[in-house]
Amino acid sequence: MAAINRDDVAHLAQLAHIEMSAEELDRMAGELAVIVESVKSVSEAAGDDVPATSHPIPLTNVFREDVVGHTFTAEQSLNGAPDAYEGRFKVPAILDED
Amino acid sequence: MTDATLSFEEAMEKYDPVLGFEVHVELNTKTKMFSSAPNVFGDEPNTNVNEVDLGMPGVLPVVNKTAIESSIKIGLALNCKIAERCRFARKNYFYPDTPKNFQTSQYDEPIAYDGYLDVELSDGTVFRVEIERAHMEEDAGKLTHMGGATGRIQGADYSLVDYNRSGVPLVEIVTKPIEGAGSRAPELAKAYVAAVREIVKNLGVSDAKMERGNVRCDANVSLRPHGRERFGIRSETKNVNSLRAVEHAVRYEIQRHAAVLDSGEPVTQETRHWHEDTRTTTSGRAKSDADDYRYFPEPDLVPITASREWVEELRATLPEPPAARRKRLQADWGYSDLEFRDVVNAGVMDEIEETIAAGATATVARKWWMGEIVGRAKTADVDPGQLGVAPATIVELNQMVEDGKINNKMASEVLDGVLAGEGTPAEIVEKRGLAVVSDDAPLLEAIDAALAAQPDVADKIRAGKLQAIGAIVGGVMKATRGQADAGRVKELILQRLGVEG
Amino acid sequence: MTENNELIRLTAAALAEKLAAREITAVEVTQAYLDRIAAVDGKVHAFLHVNADEALAVAAEVDAIRAAGGAAAEELHVLAGVPIAVKDLIVTIGQPTTAGSKILEGWHSPYDATVVERLRAAKMPILGKTNLDEFAMGSSTEHSAFGPTHNPWDLDRIPGGSGGGSAAAVAAFEAPLALGTDTGGSIRQPGAVTGTVGVKPTYGGVSRYGAIAMASSLDQIGPVSRTVLDSALLHQVIGGHDPRDSTSLPDPMEDLVAAARTGNVEGMKIGIIKELHGEGYQAGVENRFNESLELLKGAGAEIVEVSCPNFKYALGAYYLIMPSEASSNLAKFDGVRYGLRVLPEQGPMTIERVMGATRAAGFGDEVKRRIILGTYALSAGYYDAYYGSAQKVRTLIQRDFDAAFAKADVLISPTAPTTAFKLGEKLNDPLAMYLNDVATIPANMAGVPGLSLPGGLADEDGLPVGIQLLAPARQDARLYRVGAVLESLLEAQWGGPLLDRAPSLTAPSLTDSAPAVAGAPASHGGSH
C-alpha cells in the first residue's frame, strides 16, 4: 500500500468538499501518514476465506409497508435553511453540469 | 457551436453502431423508497417531504416493501434472474439536489440481472435486447436554475431546490451492449424504450408517463468500423425523455460520431445533453477518473433476501405480457395484421383500448385515432396520446354522428374545437352552429333542384347505376353548404327516384 | 440547600420511589438539579444548553397527575419526574442540537429522536443537552467546538469522550441520568474516568433514529448513570424495537431491571481477556481490576482466562470502518439545507465552493482528519485493502468473541488503559488519543453489549478506574446481573458510592479537595 502524500490529501479534500490551506494540507498529510501506517496491518489480518461483516447483528428483509406518514409544510422544511426563495432552498450557481 | 455530422446513410456505410441504454423507471408507490412521505408529482415545493427526504441529521432509511415487490416484478417481466440476496450501497457525490450527498442505490448486487427483452420493430422483425441488470435506487430533488439568459445551468445566477422528488423509488434497467442493429439502430432505440415503458405500465408499477419523467432514458452510442469486434468509445446522452427524442438522439449521435471518426480524431467519452429544440446534443461533463463514487454497502440498511416462494408468489401476480396482450387485442378488435401494426407503430394501441373501454366500437376507435388524431399529432410534433383527446370525447363525437346530429366533416371540425379548448363537443356544435339539417323538407327541395339540373344523371340512377348518385349528392351538399347528412340525402334521392337502395 | 443537596445525591431509583410515594415532587427534584447546574456547570461545562422551562413544565405535569391520583397516576412510568440530560448528538424538538460542531450551531431539529420520544412518553424532564467531542469524534471532549468539559474529580483533567458531558453531568450531580452514544467507547470510557456507570447496549438494542450518525454500523445509544440499577431503569425506557431503524432488533427486551435487582454471579464463568490488560495498562488500573476479580471470585464466580488474538487488529480496523462511514454520514453538512453556510472569501461564487468553504469553517481538525481518512479508505483502488479488509477483521473479532463466550458467560477487562489524563495532554497526538479506546472498541466491532462501572481509585493518582463487562449479543441482562453484584461488593468495601469521594465543587476551594481515599489528593494526582 502506498503511503499517503500531500497530493493525495489535496485530492481527497476535493472529493470531500473541504477547502484546505497549504499549511493544512501539509499538516494533514503528516498526520494521516502516521495513522495510515498504524492501520496497515489490517490488510494482512484476514485471508481470502474470511467473509466480510458489514452488520454486527445480521438481519434481513426489514421493510416498511407502503403507507403514507407525516410530511412537513414548506415552512417547516425551510426552517433551518441558510437561504430560501419561494418555498425552495436557494443555492449559488452550480459550476459543473450533470 | 454545432458539431459536424455525416449523413446517416454515409455513417452507416462506414460504421457499425453499438447501443446501450439505461432506462430509469419511477415507481408509482404511495410513498418514497426509504421514507413514508408521499410519492406525488407536482405539489407545492418541499411539502411532500419529511426529515428523511431532506437528509436531516439523525435520520435513517427504511425500505418500502412495495417498491421491492415492484422491482422484482420488473425483473421478472424482463426475464431476469432475481437475486436471492442483494444489498443497497451508497454512491457518494456532492450535488445540491442530493440531500445526503450520497445516493442510496445498488452497486455490485442488483436485485435483478441477466434478462432479455424481445423488441418488435415496425415491420414485425423481432430483436432481442439483452438486459444486464435492473437495480433499485432513489431519485434526487429538482433544481431550477434562475437568472442568466437561458434558464439553463450555464450562466445561471442561482438555483432553487425542491426536494419533493427526493427519495422517489427508481428502478434502473441497464442493457448489455446491443450489437447488430445496423441502420435500424434509431428505430430499435425507440422500440426498446417503448417496450420497457409498455412493460412497466402493464405491470402497474409505474405511471410510465415519459413527459412527466416517469420513464427516462440515457442512451449510449458508439461506432466501430464494419468488421471490427472491439467497441468504439461511447457517449452517453442523458435524459432523452420522449420516444421520438430517443430515436432522434441515437440517429444524431451516430451521425456526429461518424464525423468525428472521419476527421481522424477519437470520440470523447462524455455525457451529452439532448436538446429537443435543435435536435442536437451538446457536451456535458467529461467522464474522467475524477469520478470516484466511493461505493460501500449502506450500513443503515440490511440485506434483502428474495426467497423462491416470494418470487413465485409475485410471478403469479404478473399480468399478461405485452406481446401476448397485443395478440389478444388484435383478435378481439378484428384488425388485420397491417391495420394492427399501423396502430402499434403509431403508438395508439393503449388509446384505442381506452376508447373502446369508454364505449366505442373497435372500428370507430381505429377510425378516429388513425384517421383524425395521429395526423394532428404529427403536425403538432407530439405523441398522439399527448395531444389531449379524451376517449370520452371520441365516444361523444361518434354518438353525434350516429345520431345524425352532425356529419363526419363537422365532427372533424368539432374535434379541432375541442383541441383548441373551446369546450365539450356539444358546446362546440352549439356555439359554431353546426347541425345536420335534419328536416327533410329543405333537403327534398334541394334534391329536386339537383335532379332537375341533371336529368341525365337521374336517368342513370333510375336505370340502376347507383354509383352515379354522387353527382346529385354533391349538388345537394353544395346547396346546403355541407350541412346535410350525406347518408340521409342518399336515402331521399333513392326514395324520390323510386329505386331500391 | 442541604435538602437539595440530598435530593441530587439520590439515585434515580430512589428518586422514583420517593416521587411515587409523594414524599418529594418532580418540580423540587428538577429545580434542585437546575440549581446544581447553575452552581457548578461554570466549572464543569457539561451542558451546552439548559432546558429549564420545559423540564419544569414536564415535572409540574407529573406532579399534577400524581396529585390528581387515579388511573393516570397509576399509569405513570416508574421514572416519571426523574430528570435526565441528553447528549447533544441526539436530536430534540424545542432545543438546539449542535453535535458539538460549529456547522450545526443554532440548528433546531424539527423532529425528536426515538429515544427522546420515549423519554417524553415516560414524562422524564429533560434538563438539557450535554457536551461532546464534535460529532462524537474523540476520547476527551476536547474536540467540542464549544470548549471542553472538565472532569469533576479534577477540573484540569478530561472527562473522557466523546460523551464527556453526559458522564461529567452525572458525576457532578448535575443530573441523575443521561443519554450517551457509544461508537468505540464514548459511553464506557467517560464512565470509567468519571467514576460513573455507562452501558453500550447490543447493537440494535436501542434505536439510533435521531442520533446524528458517526459510524452507522458501530453507533449505539445507551444509558449513563451513577448506579447499575439506574442504567437498567433507563435502558428499559429507551430500548426495544423501533420500525424507523432498519437495524433495530425485533426481539422483545429482557427485564433488565430485574436482572440488576437480583444480581448473582454464583457459578458464573467470568473470562479475563488476555489481550485487554497487562502491558500498556496503568498500574493503578491493573490493581483495581485485580481487586474486582478477587471480589467476584469471592462471590462464587469462576474466573477463567480467554484469548482474543484478533483484538490486536481491532483498533486499526476501527480506524478504517469508522472514518469511512463517517465520511459519508457527514457529507450532508454542506450549507444547503440547514446549519452553517460560509461563502468563499475570493474567487467564483459557486455552490461547490460554498460547500468547500462551509465544511472548512464548520468542521474541526479531528472531524476533517476522519473525513479525509475515510474518503481515502473508500476511494477507488483502496477499498479492498482498507474497508474490505477491515470488514473481514470484524468477522475475526466476532469469532474471537464467539470462542471466548463458549468458555465464559461474561468477559471482564479494564474499561480504559489509564485514568483521566490532563486536558491538552494528548490533543496533538491523534494516535495516542485513539489508544484510549483499545479496550472498548472490540464490543462495537462485534455488536456485543458492554458496561463500565467504577472499580475504585487508582493508587498513584486517586482518579477513578473503570471495570468493563462484556456479554454476548442480546444478553445485556447478564451485564446488569454481574455489574450489580460487583458494584455492591465494591461499595461495601468503600463504605458508600465512589462518587461520595469526589470533590464537592461548591465548597470553598481549599477544603474542597480533601481526599476521602488513601493516596494523593484528586486534584493533585500524580501522572501516569
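We call the chains A, B and C, going by the order they appear; numbering starts again at 1 in every chain.
To be clear about the criterion, contacts are C-beta pairs under 8 Å (C-beta built on N, C-alpha and C of every residue); 3 or more make two chains touch, one makes a residue touch a chain.
As the structure is a computational prediction, the values presented were derived from the model and not from experiment.
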Which chain's mean C-alpha position is nearest the mean C-alpha position of the whole protein set? A
Identify the chain pair joined by the greatest number of C-beta pairs in contact. A-C
So, in whole Å, the Cα centroid of subunit A is separated from that of subunit C by 25
CA centroid of subunit B to CA centroid of subunit C, Å: 57
Using the average of all C-alpha atoms in each chain as its centre, how far is it in Å between subunit A and subunit B? 39
Among all residues of subunit C, which ones touch two or more of the remaining chains? 107, 110, 217, 243, 246-247, 327, 331, 334, 336-338, 351-352, 355, 375, 379
At which residue positions does subunit B touch at least two other chains? 50-51, 54, 62-63, 94, 96, 101, 159, 161, 292, 294, 299, 301-302
Which subunit A residues reach two or more other chains? 15, 17, 54-55, 59, 62, 64, 72, 89, 91-94, 96
Subunit A contacts subunit B in the complex at 15, 17, 54-55, 58-74, 77-78, 85-94, 96-98
For subunit A, which residues are in contact with subunit C within the complex? 1, 4, 8-9, 12-13, 15-20, 28, 31-32, 34-36, 38-46, 50-57, 59, 62, 64, 72, 76, 79-83, 89, 91-96
Can you list the subunit B residues touching subunit A in their complex? 29-31, 35-38, 44-51, 54, 62-68, 85, 94-96, 101, 143-145, 153-154, 156-163, 238, 271, 273, 284-285, 292, 294, 297, 299, 301-305
As the complex stands, subunit C meets subunit B at residues 90-91, 97, 99, 104, 107, 109-111, 113, 208-213, 215-217, 243-247, 324-325, 327-328, 331-334, 336-338, 351-352, 355, 375, 378-380, 383, 387
Sort out for me which residues of subunit B touch subunit C in the complex. 50-51, 54-63, 90, 92, 94, 96, 99-102, 159, 161, 289, 292, 294-296, 299-302
